[in-house]
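One chain, subunit A, links the two complexes that follow: it is found with subunit B in the first and with subunit C in the second.
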Partner chain A sequence: MSPKINKLFLVLLVVLLSGCADSRTLERMGLITTRGYDLTEDKQILVTMVLLQIDPEAKEQTIALSATADTSKGARSKADLKSPKKLQSGQLRVALFSEEVVRAGLINLTDTLSRDPAISDLIYLGVVEGSVHELLTQKTEGISDTSQFIYKELEQNIKGEKIPSSTMQEVMHDFYAPGVDPVMPTLKGGNGEITITGMALIKEDKMVGKINTQEAFYLKLINDRFEAGSIELSIDKSEFDIPDSEETPEKLTVVIDTITSYGDIDLINKNNLQFELKVKLKTRLLEINQAYDLKSPAKLEKLETKLCEKITSDLEALIEKARQTGADPFGFGEIYRKSVRGSNLTSAKWHKMYPESKVNVKVDLEILRTGVVE
Partner chain B sequence: MFFKKQQSLAPDRIKKETTDDKELIPVSKDEFISIMKQRLQDGADFKTKELANGFTLVFLDTLTDKKMLNKDILARLGGISATPDEALKSITVSSTSKQKYIEDGVDAILKGAVLVHSAGYPVIISAVVATQENRSLTKPETESQVMGPQIAFNESLATNISLLRRFLTNANLCNESFTVGKQTNSAVALLYLKDIADEEMVDRMRERIQGIEIDSVMDSSNLSQLIEDNSMGIFPQMLLTERPDRACSWLLNGKLVVLVDGSVQVIGAPQSFMEFFESMEDQNVRWQIATFLRLLRMFSMVVSVFFTPIYVAALTFHYEIIPQTLLVPLGESRSRVPFPPIIEALLLETMIELLREAAARLPTKVGQTMGIVGGIVVGTAAVDAGFTSNILIIIINVSALSSFTSPNYMMGNVIRILRFPLIILAGFWGFYGLMFGFCFLLIHLIRQSSLGSPFLAPFYPPRFADWRDSIIRLPIGWTNYRPAQTRPLDRKKYRARKTKQ
Partner chain C sequence: MKVLIEPKPQNMINTILLMFVIHSMQVGVGIQGFQRIIYMEAKQDAWISVILSGIAAALVGFIMVKTLHSYKNSDLYGIQYDVFGKWLGNLLNILFVCYFLAAFHMVARNYIEVIQAWIFPEVPSWLFFFSLLSLVYYGLNGGLRTIVGVSFFSVVLALWLILLMAFPFQFANWDYLLPVFEASIPEILMGAKQMTFTVVGFEIIYVLYPFLKEKDQVHKYMQFGLGFTTILYLAIMVISIAYFSGDQLERTIWGTLSLFKIVRFPFIERFEYVAISFWMLLILPNLMLYLWAATRGLSRIFNKKEQKVSWKLLVFLFLTLLYPLNRIQINMLDDYFAKGALFLIFGYPFLLFIAVVMKKKFFSKKGGSANVPKNK
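Here is the complex of A and B:
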C-alpha cells in the first residue's frame, strides 16, 4: 500500500473505532429547569425537580418530580426511576433552597451545581421561606409554569436593579473570596403569588439574617453602580412648612429615580478598622405625595438635605444590622485586604474582626430634574 | 528551479512534429485531389472545382462561405495564368498563404480555407473563406446584473477577443495563441497586460496550457480543471466569467485571462477565495452598498454551510445552548419525528437537492411546477406527516437560500455539497465534529494556491491594504493599488488624490 492509502486507512480506523459520541437528543431528555432543596426530618435532602414538559397534548407545561436522598446527585438518580426521560440539568435556570437548608449550610449543594459542566454559572440562587417542595408543586391559577415564573421574576428584578444580583458565579465568588459574604434573594409563596421578600444574609455558607427589599436596594447602592433603579423614601414632614391638615398623609414621601450612583469604600484607619463609605447619587424626582414647591431652589435644597439624612441613617442602620449578624455582604473585608499590605486575611479572621469595625457614611444626593412632577 | 526545468521541456514537446514526416504537395492535379480526398476520409462535403486554365480548387462545402468563394476567388481566378504567384495576387481575401505540405493544407481546409492548386507546381495557396456561424451577442445570463454593460461573450474566440480589445484599447494587451486537444485542435488564447501582469505567472500559465495532453477541450470549464493548481480539491481555484467587463477588470488587476474557442466563459487567474463572493456590480454601486452586499454574501456563505450542522449538533448533543423559549416548540415539533436529527436533516437536505437538481434538468416550462411540488408537498406535508420538524424546514430553507446568494455558480455548488459532510460530522460528534470539519476546511483553504499565489490572499498571508477591495469595498479613491496577490509589476493604478476632487 502506498503511504497515502495507509494514511487514509489510519484515519478511517480512528473514525470507525471511536464511534459516535454519547448522544443526548433533545426530545429524549427530561430538562430540569428548577431545582429545590428541602431538609427532611431525618436530615436527608428532599430534592424537587421541575421538568419542562415537551408534549403538545399534555395539560400541564411542567412536571415536578421529587426524591429524598443524602446527596443531590443521588436524589437525581432516584428521580430517574420516576421519569420516562433521562433527567438532565443543562437547562437549569434557578436553584432554590429552603431557609432550613441555608441555615444548615449550603456549600455542598452549590458546589455540586458549580462542578457540573452542563450547568450554567449564571443560574440564579434563591432562598425560600418555608418549603420549596410546596412552592414548586403548588397549583396557582394564572401561573402555568411556576419555575419559569420564578426565573422571570428574579431576572426582571435583578435587571431592573431592585435587588442585588445573585447568580451562582457571584455567590460562589463571594463565598470563596475572603472579606465578603454572599447574599441571596428570599422568596415566599402563598395567596396565589410568589413574592421576593428581601435578601438573606449569609455568613460563610450559613444564613444568619434577613433584610427587606428596601434594605436590599441600599445594599445594591453600596456595592454597585446604579442606572435604572428607583426608590420610595418617607421623611418626617415636620421640618418642612407644609400646612398640616387631616387629609394629607403624615409623612412626606418622595419617589426618586437614580440616574447614576456611585459607592466608594475607603479604609481610613486600619488600627481602629474605620471605614468611610461615600455614596454619590444623581437622581430625578418622580413623585411626591404632598404639595411642595419644587420650583424654589431653596426648598429643593432642603429636600435634598433631608433625603440625604434619611439615606445616611438608613444605610447606617443596614450596616449595623448586618454587623449584628456577622455577615459582611458589603465587602468591607475586601477593602481591608486591599488596603493593608500583608494582611493575609482569611474569611475566619475577618469574621472575628468585622464586629469591631466602624463605618462613617457620607451621602451626596443631587436632584437633577423634577420635571416629571406636575 | 523546478520551474525552469519545466520551461525548457515545453518548447521541445510542441516542435517535435514539424518538418520531418510531412508529405509534400504533389505536382499532378489528380494525385493532389486523391490525396486530399483520402486525408479527409472521402467526406460527403468534400468538393473540388477544376478551372479551365489549370487551377484546381479544393474545399469543404460545409465550412466555406459560398458568396465569398464566388466573388473573391472564382471570379478572380478566371483568365489568368495558372501559377501560385498569380493566384496569390488575384485572390481578394485577406488571409491567404502559401502551403508546401499536405498536412498544413488539411489543417487549413478544416478551418474553412479553399486550397488553390496550380497544375505543375508543388505549392498551393490557401485562402480562408470560412462561414461565420455565430450567435449574436446577448445579455449575460448567469451573471446578469442591473447596472453595468449588458453584454456577454459568445462562442466565437475572435468575437470574444474583439470584445476585450474594445473594452481595453491598449497596445500592451498581449494575445498568445495555443492549440489544445489532440482530436479537437481547439484554439486557446492567453491574454494579459504587459507591464502589469507578472512575467512568472504568464510563464507558468503558458507552460501549463502547453503541457496539457488531452484529446479534447470542449469548454473553458474543462480547461480550467486541467490547469488548476489542485484538481483534487473541492474549491475551484480559477474563476470563470461571461462578462467582458469583468474579464477586463481582471486584466487591469494584473490577472491573466484564458479564452477557449467555442466557450462562452473565460478563465481568470490567479484568483483569491474572496473573489468568488464579488460581483462586477459591486464596482457599479456606491461603496456603502457594495460593502454591505459583500459582507452579506460572506455571512450567507457561513450560514449556508453551518446552520443545519449547528441544528443537528445542538439537538443531538448540546441541548444546553438552546434558548429556553425555543425549547418547547422545538421539542414538541421534534417529538413527532421518528428519526434522530442527523437522519432528519440529511433527509430534508437531500429532498432540497433533489428539487434543485430536478428543476435544473427540466425544461423551463415544466420547471415551474417544481416550485409548487417543493413548496406544498415537501414543505407542508412533510411537517404534517411528522417527517421533519418545522423548525428544520426553516433552517434548511434559509441555508438553501443563502447558498443561492453566491454570485458564482461554481462556489454555490461547493457550498451546497460541503453541508453534507458537516452534517454527518455534527451528527456523530456534535460541536467537536463541527469544529474538526471547520478546521479541516480552513487548513485546506490555506493550503490552496491559484497559479502559485495564495488562495486565501488578503487574509492569509495578511495583506491589510488589500482588504479595502475584498471583503469590503472602500470608495474608489482608496482602492488605488492593485492587489498584491497577482504580484503586478506596477502596483499603483492611479494617484489617489486625483480621484478625490
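Here is the complex of A and C:
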C-alpha cells in the first residue's frame, strides 16, 4: 500500500469507528443517584430509584421510580418502562436497604451492585429503619433533593469521623474477610428530618443488632486511627468534691474532642481466646457542665482517671453487646487469623469461636488542653 | 537460511531502548488480573511468589543473553537452525512462530474481553479486533524502529498510572499480609508458576538481539527491564493483598483494574474507564512485537519478504479471533497457553543453551565451522 492510501485508510477508520459505540447523551439519560430496596409481603423486592432531573424547567429536581420484581435488575428493567429516559447507574451514590431486607440477608443485592462495572465501589450503603420507599418519596420542606441530602449527610458524618465508613468496598471487604463483620449506618426519616440513628451490626450478611451513635463512636475508636470527633461523657460526681446544690445537674458531664486516637488489639492467649484492647486517646476538653477547678493538676488527673474508667466500661459494654448478637465488627477474628499460624480461619469457624472470646480493655486518656481559658 | 544476520545500520536500535521493550512486553494483559490466581495458591504470601518469579525471569534472561552472545549476530531462528539442523531446527522455529502467534491471540482476546466486560458490553468483538489490528499493521509497516518507539512511549506515558496506586492506600489494611510464610513452599512455588502468563514477554530478546547496537550492554539493560517489572508487580501484589480481603480478591477477576475503581477526581469520578482505555497503549507494543517476531520467523524460514508475510498473518489472526469464546473458555485457553509458555520460556532456553555450548565445543575441536565464527 502506498503511503497515501494508508493515510486515507486511517481517516476512513476514524470516521467509521466513531459511530459504533452507543452514544449516551446526557439529556436522554436518567441518572440514578440513590437506590432503595424493600421487601414486599410476597418476598419480592421493591426497588425505589431516585433520578436526577437534568431539565432546568422541571419543578422537582428529582423523580422517584419504583418497581417490584424478584431481582434488583429485574426491577430496574421494569422501572425503565415508567421512565422517559434511559436509566443509568453510573452516578449512583447511595444504596439503602430496609431493615427487613438486611435482616433477611444482604449479599445478593450488594453482589449485583459490585458486579456492575458502571457502579463505583465508593457508594455508601445504609440501612433504613422502616420503609425505604417512604423515606425516598417523602416530601420534606427544606430538602429539595432527598437523595443528595442523604448522600451529603452520610459523607459529612463519615468524613467528620462521627461514624465508621461504610462504602461498598468496605462492606464487601469485611463480608469476605473471615474475621470481621461489616457495619452500616442506620437512617430514620420523619418529622421533616433524616437522622443517622446509629449503626447496624451485621453477622455474615444478616443484620443482628443495632448500636447507637455513641457506641458507633467507640467502635470507630477501636477500629481506626482518627483525628477529629467529639464525645459527651457523663460520670458520677460523688467522688469529686463539687458542692451539691439543687440547681446543678446530677451527673458531671464533659465533652471531649479527640485530637488523636489509637486503638490496638493483641491476642494474648490463643487457647483461651483472650484479647487485649488498648486505646490511647489524646483529647482536649470542650465543655464541662459544672464548676470544676481545671487549674489544679491533681483534679485534672482525677478527671482523667474517671473518664478513663467511664470509657473502659463503655467499651466493655459495647463489646459485650456485640458479642451477644454474634457480630464481630471490631475484627478480633482478623487479629486471631494474623497471630495464629495455620489457623485456616473461615467466617463460620470464627463465628463459632467468637462468643467464647474475652477482651481486656485498657484505656489511656490524656487531656492536653482545656481551651483558651482556665 | 543464513544463520548470521547483518541488519542495515538504519534499522539498528540503541541498546538502552531494550529496557523499555522488555518492560513493555512483560506488562500487558496479565497484570490486569494476576493477583487472584497467585493468591489462590499462596494466600497472603503471594508476594513471595512474585519475587520468586522475578528471580526466575532474571535467570532465564541471563541464559537467553548468554546463548545469543555465543553467536556474533544471530537470532533464535538462526541458532536453532544452526544447532539442530535444517529439519529439527525449522520445526522448532515453527513452534516458536506458533507461540508468538498464540501470545498475540491471547493478549488481543483478553484485552477485548476487558473492554467488553467493563465499558462496551454491546459492541461486537470483530470491530474491536479490526481496529486494534489496523493499528498493529500500521506499526508493522513502519518497521522495527517504529515498533520500538511505540514501546518506549507506552512505558513512559503509562508511568503516571503507578501514582494512582496511592488511592487504594487509604483503604489498605496491612494486617492482611500477616502471618508471613504461612503458605508452604510448594504452595509458594505453585504461585510463582502461575505468574508465567504475567511475566513472559522478555523472550522477544531472542528475535530482537541482532538489531541491538551495543551488544556488550544487552545483558545490563535486559536485567533493568526485568527488575523494573518485578518491582512493579510486587508493589501491585502487596497493595492488592492489603486492599482486598481474601475471598474478595479471589472473586475479583481483574484486580488491578478494580484497584483503579476507587480512584476519584473532581473532574473524573470513574477513573477505571480512563485506565482501561489507556491500557491499549500498554497492549500495542505487545501485539506489534509478537507479530513482528512471528513475521521474522516465517520470513527467515521461507526466505520471504517480511511485508508479504505480516499482513497474511494478521488476516489469519483476525479470523482466529473471530471464533467466539466465553469467560470460562478464555480462562482455560489462558491456562493452556501458560503451561506451554512455562515450558518454552522457562525450560527450553536452558536446553538450547546447553546445546549451543556443546556444539561450540564440538566444533572448536574440529577447528570451527562456517556458521560458528565467533569464539569467545
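The rule we apply is simple: the second predicted complex is superposed on the first by the 353 of 374 C-alpha atoms of A that agree within 3 Å, B and C clash if a C-alpha of one lies under 4 Å from a C-alpha of the other, contacts with A are read in each partner's own complex, and residues count from 1 in each chain.
Note that in this section a residue touches a chain if its C-beta (ideal position, glycine included) is under 8 Å from a C-beta of that chain, and two chains touch if they have at least 3 such contacts.
Computed from a prediction, not measured in an experiment: that's the story for all the values here.
**Q** Does subunit B (first) or subunit C (second) touch A:120, or do both, or does neither?
**A** Both partners.
**Q** Looking at A:25 after the superposition, I want to know if it touches subunit B, subunit C, both of them or none. Which is it: first, second, both, neither?
**A** It touches subunit B, and subunit C stays clear.
**Q** Pick one for A:90: touches subunit B only (first), subunit C only (second), both, or neither.
**A** A:90: touches subunit B and subunit C.
**Q** Could you let me know whether more residues of subunit A are touched by subunit B or by subunit C?
**A** On the superposition, C touches more of the residues of subunit A.
**Q** Let me test your reading of the model: by the given contact rule, A:341 touches which partner, first (subunit B), second (subunit C), both or neither?
**A** second
**Q** Between subunit B and subunit C, whom does A:55 touch in the aligned arrangement: first, second, both, or neither?
**A** Once the two structures are laid over each other on A, A:55 reaches subunit B alone.
**Q** Touch check for A:33: first (subunit B), second (subunit C), both, or neither?
**A** first
**Q** Check the residue A:174 against both partner chains and state whether it touches subunit B (first), subunit C (second), both, or neither.
**A** second
**Q** Using the superposition on A, tell me which residues of subunit A are in contact with subunit B and, in the other complex, with subunit C.
**A** In the superposed arrangement, which is not itself an observed complex, subunit A uses residues 20-21, 90-91, 120 for both subunit B and subunit C.
**Q** For a test of understanding, state which residues of subunit A touch subunit C in their complex under the given definition.
**A** Subunit A reaches subunit C through residues 1, 6, 9-10, 13, 17, 20-22, 90-91, 117, 120-122, 169-170, 172-178, 334-335, 338-342.
**Q** In the complex formed with subunit A, which residues of subunit B make contact?
**A** Answer in residue numbers: 314-320, 322, 324, 327-328, 330-332, 334-335, 340-341, 427-430, 432-433.
**Q** In their complex, what parts of subunit A are in touch with subunit B?
**A** These residues of subunit A touch subunit B: 20-21, 23-27, 29, 31, 33, 52, 54-56, 61, 88, 90-91, 93, 118, 120, 148.
**Q** What residues on subunit C touch subunit A, complex-wise?
**A** Of all residues in subunit C, those touching subunit A are 117-120, 122-123, 127, 131, 134, 138, 141, 171, 175-176, 178-179, 182, 244-248, 251, 258, 261-262, 264, 269-270, 272.
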